[in-house]
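A, B, C and D are the chain letters, set down in written order, and residue numbers restart from 1 in every chain.
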Amino acid sequence: MSHTPHSVDVALRWSDMDAYGHVNNVQYLRLLEDARIVAVADWLGEGDRLLKAGLIVSRHEIEYLAALTFRHAPVRVDIWPTRVTAASFDLAYEVRDPAEVGEQLYARAESTLVAYDLEAARPRRLSAHERARLQDLAGEPVAFRWRPR
Amino acid sequence: MSHTPHSVDVALRWSDMDAYGHVNNVQYLRLLEDARIVAVADWLGEGDRLLKAGLIVSRHEIEYLAALTFRHAPVRVDIWPTRVTAASFDLAYEVRDPAEVGEQLYARAESTLVAYDLEAARPRRLSAHERARLQDLAGEPVAFRWRPR
Amino acid sequence: MSHTPHSVDVALRWSDMDAYGHVNNVQYLRLLEDARIVAVADWLGEGDRLLKAGLIVSRHEIEYLAALTFRHAPVRVDIWPTRVTAASFDLAYEVRDPAEVGEQLYARAESTLVAYDLEAARPRRLSAHERARLQDLAGEPVAFRWRPR
Amino acid sequence: MSHTPHSVDVALRWSDMDAYGHVNNVQYLRLLEDARIVAVADWLGEGDRLLKAGLIVSRHEIEYLAALTFRHAPVRVDIWPTRVTAASFDLAYEVRDPAEVGEQLYARAESTLVAYDLEAARPRRLSAHERARLQDLAGEPVAFRWRPR
């Protein structure tokens, strides 16, 4: 199973740093949020509709590999779907320097997104189109250091 | 192995809600951050010193169980150490209604904290006092729905 | 014209601090937001309805008087209406230590709130009840250092 | 007195929106913060040093002109110094659509920045270089609707 991750550059904000002078661990999830919105919109075409009306985060997992300090260069978030089921899918992420900036990897993460019918207020099934598209893009799960797969 | 989790009430902010009108998934980690600062300070006595000078987050894992809307009542974060090693420990959390408000459980989470020597800028060992205290308080790992232990 | 300001205690979060190790200047506005939500709800009874369905911020002004560092004690926000017109009102704020903590004044601020009809998506008039209640509570404008009144 | 404002594009984040589905009024100050950091660094050359070691915000004033919704296009912040004194200066800002996106003006704002000697922990004078550079760039104060000049 091969894949080409979607790469989304996300601008840092000075306020992402906390009192230690590093990008705060919680803010990494904010960076993932914006990368995810861009990537899912690109993948599913109907992305705006889907994001506004039908995906909720049911799980996050993240490990931190290096400290990140505010700079004007963005971070690059590589993002790809992994496991796709009838009603949910996992996303893998790697937060790194853009190639023109460096080679540092800052974090790896994984989220589970659940398809949701906002009007009916209950989980829904992914459409055949959504599932096919995600499976087409799917790659290996992210390799966390701490957890054997 | 039994334990009494530390319970820390954390006030919500109206701004914790996102455009969906629910407390945003990332903001849950902010609530955990404040609960953790209180709990670790209480446990280790020397907490302020430790938090400012010597613990870094190396991993988070969180699963969301119910939507939370801003209200004036705080959420209660039950928090306890689980695995304690020579240089790190895990914390388990449950985010729930305070008993006087209700019985809803909103999220379960787990963080790994690594002892760090900020001056030398490298991992350090937990002191004998820190380790003994944490082991004394340690309980079972949080039971995530999605992952067998 | 005398008044008794409404006092609302707002809990700080560790993340309110920025890389300088002080509560960030922008975060003061967050503290005012939560104090305002509590105060307006208390004043207007129908506060939840009003806040959700009918007030928008059209202006803020704030001056900073002293640096604030995260601590477990909340800050106290004294808040009172000043100028009340047919369709808007001003709020004055002072951010200070609770009496049991100290006597430091950290900031003074003023906001203009405009009554808004969210369904019609246009400004509305304050109701006679809203106006009478606010005028009853109204006090002197906040005395900014930099601007003569 | 003429001037060419410095234009800084600042990316929005989805989380800048609040429960009303618009960019929250407080978040506008975050956008100004990032524009200010870029502009001052560009103007004063030694900007990084200055920002990290020597300017504090003593006042903000902002008025909101139109609602802003998250989109992938950034906002453009036009920013220029106005009043320059021995130890402080004012900045004017206008938050608008980039020319290629539209013509909407969203907010006008003004901040006072005070030169600060972080080591001595007290206000300092602007250097001759800083003052000359800022005066060279200075333009008219921002024209707030609500306050005659």
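Throughout what follows, contacts are C-beta pairs under 8 Å (C-beta built on N, C-alpha and C of every residue); 3 or more make two chains touch, one makes a residue touch a chain.
Predicted model, so just to flag it, every value in this text is computed and none were measured.
J.: Can you name the chains that touch subunit A as well as subunit C?
T.: B, D
J.: What is the chain whose Cα centre is as far as it gets from that of subunit C?
T.: The most remote chain is A.
J.: Subunit C to subunit D: how many Å between their CA centres?
T.: 23
J.: How many Å are there between the centre of subunit A and the centre of subunit D, using C-alpha atoms for each centre?
T.: 31
J.: Report the inter-centroid distance (CA atoms only) between subunit B and subunit D in whole Å.
T.: 37
J.: Multi-chain contacts in subunit C: which residues touch at least two other chains?
T.: In subunit C, 14-15, 26, 30, 33 touch at least two other chains.
J.: Could you list, by residue number, the parts of subunit D that touch subunit B in their complex?
T.: 14-15, 17-19, 21, 24, 26, 70
J.: In the complex, go through subunit D and note every residue touching subunit A.
T.: The contact residues of subunit D facing subunit A are 10-11, 13-15, 30, 33-34, 37-38, 72.
J.: So in the complex, which bits of subunit C are touching subunit D?
T.: Those in contact with subunit D are residues 25-26, 29-30, 33, 56-64, 112, 146.
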